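Working notes, beginning with the structure itself.
Each chain carries a letter (A, B, C and D) given by its place in the written order, and its residues are counted from 1.
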């Protein structure tokens, strides 16, 4: 992911360049740096951030390393684009929130890249117009062809449903108040012991309900859909298509095979928006608060998954900075 | 509905004619009889069934009148096509089951006409081939433009979700074991006090989960969809289309406005299948047991709606006749 | 085709029964008659028509036999549903027209069954409303999986494009004035010497242009589409769908494999409409004039195919009977 | 268009900046220059090209000014991205070809941006795989909501069909050998005297046929489609969609209203590809030869439009440089 973001900034993004690459594996850092124009390579984030020509930081390390890197960046008042999750749990996320509040202004953009996908943007825009009335229900589908080896049942919540948690809050402009995870009989094609698929119910502050089918061994491809059911109509994204063929008794088209194929343009747009805002001296996009809430919803979800039943989401009070 | 079925038999169906019309309102019975070739009109079902040229009975009266009419027909060993519900509750449904068992052979076909819709048939056939693997999840949407006046919250379960209860059992070939009804904030366009929409979770004997969005004041039309999520793929019906137009900045098509527009061909096929089977001396299609189970699932659903939480479905033992 | 119509009348159609079966092959006539309730079988059409219980005639013999059968039916003043073509050429078609005129009233309905297809009906209705303005262009696609053995290049015009000629006239309510057949390099999958596909341009009296792709060895299925381009919008039929699946990297659905699969309901509706009209003492639907004009357009088309260039359609004056 | 390209290079493109702006209107040149970072503004192209920090030239002036600007750029051996048309006629196009040949290497990329549209790329790729067999027919639709004031009938060929001429050659990898323009009765919504729509037939060297509906006052939006009919299947682009809504009795979505909305990403990709190639010291994409051929096809098309009938396309011999 980090290497892909470095390539993106080097080849696609206007107004930015890669001035340093950091990886705990020095050889890997060197290799990536060589591919993006030969900038310095580091193994220590703090050392890299100390360089004079480093104006902003993109964090794409494993989640467990995020807190330290975020605090280091805030310490230097550097704008950050931090891949999701903000941090792996609410306790560490709260520490990051506090550091940013102490700084007194937003510096962190969290990498919920779906907010930069043209289809979700179109849906968001339509809901904001009010033409469909109030949203009452949201139906999400989130399917992967196959899960990476080593995936555990809670990762379907933490890594996958985290996106739907964020996009539900963003589309509805409401907090999620409770989570229920249902456990259908797993697919025979899921690795032994993996609860896959799961069916997740999210309740929101104003009484809307969002359901999420998460199925990471669906076999046929990568597919992300959302349907908003409102008082005067529905709108659905993620089920569109471009080229249609007719061959051998069938009409239809191909399905994306992974999230990079589906969302590469959203990643481009996300990073470009971050670079543009940074150059204007601003921080926009999903906030550290959004990152914290996603962690809180996922914690509730994992509790529902393991203990059964409906689990309420407990949130800290929302700081004024994220009003 | 009864008048429409009379017209159907008179104008559309091959191999049958309307030989008597029954309605508690004599004038209405006469009027319908006049429109279908001038057969006798009755106000008493038993009197009509006693006529020599009555070979079979189609019941389309209000649900509360079904038990008496069904028992009268069974008493005369007449084949019956009974509009859903079989009867309004499980107690009366069980009495009908007992009467049919005493007769020792099936005589009742229940009017779950979706089983005769070409799209549901296609989906059913595909699931039976096993090509998609085992079904894990079913997503249903059931939307009406507006609810008839006088509708109450439990009627969304009893009259509407009853269809999804039956079609879920038929598609998955499994009994439903528990029902949970969730209550999102109602639409501002729903009549005061009506819980609309509702989101219903059905659990099945083999651990599949079916969710049903029932929304009877969606405003835009009549829409019924089902998506089966299986181990090796998904299949969706109810979202197809025929003519596509491009006008005034929009592409798309029209939505059916009521169930007769959407399902008229299924009704034709249902009644034709009943007539054909009857002429062969057989009774096929949805059984009285299917009618009883639908009542049981709906009773559990209404309890969940009114009391909250998950309610298990309690079924009598399945008689051998319906094996 | 004849056997299928007999089955249709026996099993599907309301208000009619098969009272006689005719085939030059006596054994085949007997076999069909046995399957539809055991009516008399004949080898001579005139003998069959003389029977007292024959009220109407459905002609589904090869085109060359149509003239004699039609004249025999007109002679007895019997209503006829005659499969297309009315007759194989304009000279014989004119003789039939004259016989019907002599009778002084319509007795012949020609089997252009697309006019009974719900999609074409919907398109026709939309064009009649005037909401899209005047139609300017019509784009037709007509594809078969593979041509029957023995097909010759002119049969693509006479047997296939004949449908588009009729439907163009019906949709636009204008006569066709000229035909141009273009000859792209044939498909390697077409039988040797067969000009397949062909691209046909039809010009109409009011200056609209219809193009027809006829491709009878397209390999993938049977597909019939029409797109009307009007002053204020377009409308397309024949490209809709019902069930959508997602499997193995592809989304989509199946394509009909032959015309009976695609148009069986239109055939049912056509024959039912004919039976209903006949019982009311009327003759409706496509007229003998429509059959004659189709023959004239096809003759012009075959000349264009063989000689090249644009060929004008020469029509007799339209008799008042077909005003 | 020029201002939009300047904005694009300034805001979107990676690896390039606007170092000079040229416009015959000095005030306009200044205004654009101010918006893209304050580079120098010129009224004379040659003066701008003489600047030390000008490494490449993007020409977006009216077609009549292209020849002089192209020759000036070739004179300085500067890479050029020239908006279509290369030049307005074949005579001037040939002079440009000669100048580039004299230089001995490609320096000109012509702005046929559809080749950078992801849908056309996908179609092109599919045809190249050979999986559908040889393409036999291409059906193009090209519709604009309304024509700019001052449009004349020949501009439908020169400005609009020019795109289909190029994309047909690119998709089929064959030259176009003849053009026939048919003139349906114009739409009542077209300006007086404008032949709109037109229906254009393109024949290719290997006997494929492409038809083009060009309709620049279709009223409902901007729509560009292409369907390739091959020996083993068809593929269609330009008719896809993203978000689908259900409201007020209709399902569907919105249609792009102009070419920038439809093709903005293709423009981005085209210019990025040009910048990337230029930085590698290469020139890729549509060649000056492609620009010349488009002019030749359009000249034949305009002759067919004005004189009627089929007009053969006469091409100079293809220089080795464009092999």
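Note that a residue touches a chain if its C-beta (ideal position, glycine included) is under 8 Å from a C-beta of that chain, and two chains touch if they have at least 3 such contacts.
As the structure is a computational prediction, the values presented were derived from the model and not from experiment.
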item: Equivalent interface to C-D, taken from A-C, A-B or B-D so that over half of the residue contact pairs match; value: A-B
item: Chain of greatest Cα-centre distance to subunit B; value: D
item: Centre distance in Å when subunit B and subunit D are each reduced to the mean of their C-alpha atoms; value: 57
item: Rounded Å distance between subunit A and subunit D, as computed from the means of their C-alpha atoms; value: 38
item: Cα-centroid distance, subunit A relative to subunit B, in whole angstrom; value: 43
item: Subunit C residues counted as touching two or more neighbouring chains; value: 218-220, 232-234, 241, 244, 246-248
item: Footprint of subunit C on subunit A - complex, ascending; value: 219-221, 223, 241, 244, 246-255, 257
item: Sites on subunit A touched by subunit D in the complex; value: 10-15, 118-119, 122-123, 126, 131-132, 232-237, 239-248, 265, 272, 276
item: Interfacial residue positions of subunit A with respect to subunit B in the complex; value: 133-134, 136-137, 139, 182, 184-189, 197, 199, 201, 206-209, 211, 213, 215, 218-220, 229, 231-234
